[in-house]
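There's a structure below that I have some questions on.
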Amino acid sequence: MKPVAVRNIERADPNALGTFEALGVATVHEALGRSGLMKPYMRPIYPGAQIAGPAVTVLAQPGDNWMIHVAVELCRKGDVLVVGCTADNTDGMFGELLATGLRARGVKGLVIDAGCRDVKTLTQMGFPVWSRAISAKGTVKSTLGAVNVPVVCAGVNVEPGDAVVADDDGVVVVPRRLAVEVAQKAQKRADDEVEKRRRWEAGESSLDMYNMREALAKAGLRYVDRPEDV
Amino acid sequence: MKPVAVRNIERADPNALGTFEALGVATVHEALGRSGLMKPYMRPIYPGAQIAGPAVTVLAQPGDNWMIHVAVELCRKGDVLVVGCTADNTDGMFGELLATGLRARGVKGLVIDAGCRDVKTLTQMGFPVWSRAISAKGTVKSTLGAVNVPVVCAGVNVEPGDAVVADDDGVVVVPRRLAVEVAQKAQKRADDEVEKRRRWEAGESSLDMYNMREALAKAGLRYVDRPEDV
Amino acid sequence: MKPVAVRNIERADPNALGTFEALGVATVHEALGRSGLMKPYMRPIYPGAQIAGPAVTVLAQPGDNWMIHVAVELCRKGDVLVVGCTADNTDGMFGELLATGLRARGVKGLVIDAGCRDVKTLTQMGFPVWSRAISAKGTVKSTLGAVNVPVVCAGVNVEPGDAVVADDDGVVVVPRRLAVEVAQKAQKRADDEVEKRRRWEAGESSLDMYNMREALAKAGLRYVDRPEDV
Amino acid sequence: MKPVAVRNIERADPNALGTFEALGVATVHEALGRSGLMKPYMRPIYPGAQIAGPAVTVLAQPGDNWMIHVAVELCRKGDVLVVGCTADNTDGMFGELLATGLRARGVKGLVIDAGCRDVKTLTQMGFPVWSRAISAKGTVKSTLGAVNVPVVCAGVNVEPGDAVVADDDGVVVVPRRLAVEVAQKAQKRADDEVEKRRRWEAGESSLDMYNMREALAKAGLRYVDRPEDV
Amino acid sequence: MKPVAVRNIERADPNALGTFEALGVATVHEALGRSGLMKPYMRPIYPGAQIAGPAVTVLAQPGDNWMIHVAVELCRKGDVLVVGCTADNTDGMFGELLATGLRARGVKGLVIDAGCRDVKTLTQMGFPVWSRAISAKGTVKSTLGAVNVPVVCAGVNVEPGDAVVADDDGVVVVPRRLAVEVAQKAQKRADDEVEKRRRWEAGESSLDMYNMREALAKAGLRYVDRPEDV
Amino acid sequence: MKPVAVRNIERADPNALGTFEALGVATVHEALGRSGLMKPYMRPIYPGAQIAGPAVTVLAQPGDNWMIHVAVELCRKGDVLVVGCTADNTDGMFGELLATGLRARGVKGLVIDAGCRDVKTLTQMGFPVWSRAISAKGTVKSTLGAVNVPVVCAGVNVEPGDAVVADDDGVVVVPRRLAVEVAQKAQKRADDEVEKRRRWEAGESSLDMYNMREALAKAGLRYVDRPEDV
């Protein structure tokens, strides 16, 4: 790891980001081919937020939030800050003051593979955070990491400028170059679901809707009338 | 495991289920002799729901929700769908569309030893789910499991038709044949607590209320006035 | 471990406790030199509560809440009950009735390194609990522990009378003898933050605010304009 | 749960057990249709043991090994003792003396969803144990459970007399009534592997051996020569 | 936490330590009244070591091993170094060189609530370590902690000079002032077991040996002949 | 994720790999600037192996080892197979037959962020595996992943051809382009340690060896003679 901070990065397409923010994580994750999803231990500190933005990335050392301070002034309006860590850590690397600084720059939210604190204040501010833990554990500012280099966050490799989508279901990352293509697929998927949802509501079986009966029979599924017949 | 789906099962007594739904998990679990409780990692996706119903059971493979689709049309009004998995898995096997299908059939809720997604929509729908994780991870439909066979879900063996009770404290399962007897014990327990609660509210010590002072002394508890006397 | 219950303990200074309750966990933890914080698995059963009080301590055996019953009548108005366990355990050692008894005595809340149940009722009562798990698992009353002896709870050694502070960020413990000194430091810290917050809101970089640019350069941080320059 | 101890149970077929012990867990698990496997947190206290025997089952309370004492005299030569627990627990419920008692009765080993202690002595004795933890934590003898009733152990429902197979890969349980049929399938599977292993050793690709190339192509796998071609 | 290193401490009685080392963790833990045991995630890096010695204690920050360096020269022949951490951490704070330094001073081993590295070399040296993880993750030397102050290590409060006993079953800590008394109880316990072991070997039931039949009956245990009789 | 298999990749420098294999994980990890280390849950199935080789990478679906079969014939002598998974999974994706196939091609070992089975046989073969779990759970061959694309394995992004180093301390990954430079730094580090080790063995304090006394004093460390002086 080289201790470096990159000032300028290319950001994912804004229209694609708008689509992602409207559709949410599950749809985008499917459109991406069921990859790019962060581990489910990443949870929002309060329910209801749904955001998408280009990643400004931070590689931090456990128990040290120095690099987050460095990253703040490199953020732009609409960005999402993404923090990975060189070792598993739950310390409260982020709180009210850093959130105030990010908010002043128009940053949409934070995704951090470590801990977060001041969650009551952050909730009142409406500044959304997805983190692996809530912890008041204070951190130091003594060891370098990097800003805007590729980082692994909660099991996903995030490149600066990649599209980060987060909601109550978790966090998914779309590589910057694929954002436009994935946004189209995601929109199509959402459009297709409108009719499907109507049929589900009407009580139609998905076995008919998706033509699964034949495949089930071929795979060997046997129906019996009563438990004793198994 | 035989790949089989059982169409008709016997369901726990409706009156007993009504009692269970009114009294909740903790009381039912005590009345059952402190057994039948699923592991505490099973959490509701939103607070406040309290349900009881007969189990329709699913045995699924990790990352594969095919059998849940098979189970939907075998559910009846008032049922609770219970999904176990052949290996630990947090993938989002269940979401908005399956919930819509279950809701159309009058199913009360879902208990799944795996992940759930679309939690914001499910919360808006008021369709309660108890799961081990929230995850947008998509699943496939390629390997058979079984429906309405005994399954282990979160540490408890569930037979089809068993009474499943779920609230903010977790999930408990009452064997179908014991439902009526346990409902009576649970009701008695709840009735007895009314007077006890009044005495607790009045500040009476439980050591007197439950005659514990003698047993404590006999077991060797020693009271001292100050820390230095230990 | 000696099976003993200590009746009278010295409690942390009430004014210091008032300051702690007003300022919350993160600030107090920093003022204590970043120690005394319980592990982040300790979570409130509902959001929003913020309390501070002197600890009445309980050492319990796994699956056994006998000693909590013993502790209730040794509590005074304003206390916080703190329960440690001789082995990791998530059983629901505490519920509505014990809460009613503690409430009748004016106890502010409970911190328990085990499970809690009846969380819906406790939420309605507004009786705050920080616990490692929510579980309906019933417990027995058969093995002695101790009351008002030092206990380790969620990684922190708690002496009877120590100041316990709890909010949405977790739980911190201030040794009784240090309470007044730490309260002064915490208040100073909070006062200093008022001006800092204003500067953060104005968009000033923390690198300037805290004079970090020189230290970063000295540590070897290199700024580059584009990813290709790394 | 009823506090009961069943004296006489039907045990799985001895010849089938012999086959299981010779073939080991992975093969038996496959022959059973990829089910019946305990969770992978169950580990042997020393490597190399491989056993199979009919289950004598114990349902224990957390931190209480009373029922194991009850079970010992109900065991016969060749049995495997299986202990489940009503709540997650890692206490050292089993040690040298109980092992000496089981050994005196010809019991082959122990499978316990809790902790084990005296592991150095047990290793010297050559008495194999599969457990979820190693812990010296002492237990009490105060609350009843049951012996030779169905118990869930590490995620698997075990009926008294079921065939339990354990080796360095873990533990699998074959329902008693299926033991003979599964033993035949397992033996066939093992026989088939002899030729397969020879072909693997010769460096033949499994894509040819199992005719997977066509299925891969049909599923959409694309081969490219270099990373740049992706 | 005050950043301080205490040069001279009082150490537990050498004869008691000798008894502890001979008898091992399980027996000492029982003699102490079933308390003082570290959590079972503390495992030896290689099997077979059994030690006891007075604790030299270190409170370290996550990812920082500076204080271990400070502690080395404060150790004496026969000591056991005990390292607690202000937050959960698995970084490899300890390796070959520090072990060489401790060995040169006659230190018996290390107990660390964090990670350890160079485990192959440590095994070859025969320098025993009990740790929560094995990890090569390097640490820094930048933030102060303390040496020879009370620390919580793996759930146990350890005072400098307390008796630390460690073997394949885990780690137990005996308060210095109780060491002599506990050693006597432990020896008596071990002596009593000699006769008991003989009776276990002879196949006598523990229900007779410990007179448990009456208590079981009184508690309500019912024996039945066959599963159908439950 | 695109379902693709890349046939030809560039591999890390052989001399650098030789150096890495000789020096082991901890030294290489330090030389890389304390990054690139997989999470410590990755453990060898038997102690003592130490390998280094270029990565052939696999992205697999949970419970599905189809892509590992595809990868085997793309491996060359000296390679290390690295398997990441799109979701956390402990199923036994790898066993004796696949190991036989890899061995026939001269592959040095396997690093898999999932489960491994047949560990007794693998140990006898001397085929080293680092995995997150040991599990006999069988897998299917039904969903595509990819071979020789970048994968995240146990928290580290691995590009095809990167240098993978594994021993008893864990697994570290060196980016292919940095391999030669890092090998030089690692060798220098190892050379420097020879003299250091001699001084440690002689009992010299590291506070003198690394000139830490002044820094400690400046940071505020205070030495006191006795606990009472704190």
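Quick notes on this structure:
In order of appearance the chains are A, B, C, D, E and F, and numbering begins at 1 in each one.
By definition in this document, a contact is a pair of C-beta atoms (placed from the backbone, for glycine too) under 8 Å apart; a residue touches a chain by one contact, two chains touch by 3 or more.
Nothing here was measured: the structure is a model prediction, and the numbers come from that model.
The set of chains in contact with subunit A as well as subunit D comprises B, C, E, F. In this structure subunit D contacts its sequence twin subunit E using mostly different residue numbers, the overlap staying below half. The greater number of contacting C-beta pairs, out of the two interfaces B-D and D-F, is seen for D-F. Averaged Cα coordinates give subunit E a centre that lies 30 Å from the centre of subunit F. The mean-CA centres of subunit C and subunit D are about 42 angstrom from one another, to the nearest whole unit. If you average the CA atoms of subunit C and of subunit E, the two centres end up 27 Å from each other. Across the assembly, subunit E contributes 2-3, 34, 37, 61, 86-88, 90, 135, 137, 143 as residues in contact with two or more other chains. If you check each pair of chains against the touch rule, the ones that pass are A-B, A-C, A-E, A-F, B-C, B-D, B-F, C-D, C-E, D-E, D-F, E-F.
The touching residues of subunit E, when paired with subunit F in their complex, are 2-9, 66, 69-70, 72-73, 90, 92, 95-98, 100-101, 104-105, 115, 117-120, 123, 133-138, 141, 143-144, 148-149, 160. Touching subunit C in their complex are the following residues of subunit E: 1-3, 32-37, 39, 59, 61, 86-88, 150, 152, 155-157. For subunit B in complex with subunit F, the residues that touch the partner chain are 61-64, 86-91, 135, 137, 140, 142-143.
Listed in rising order, the residues of subunit E touching subunit D in the complex are 24-26, 29-30, 34, 37, 40, 43, 47-48, 50, 167-170, 172, 193, 196-197, 200-203, 205-207, 210, 212, 216, 219-227, 229-230.
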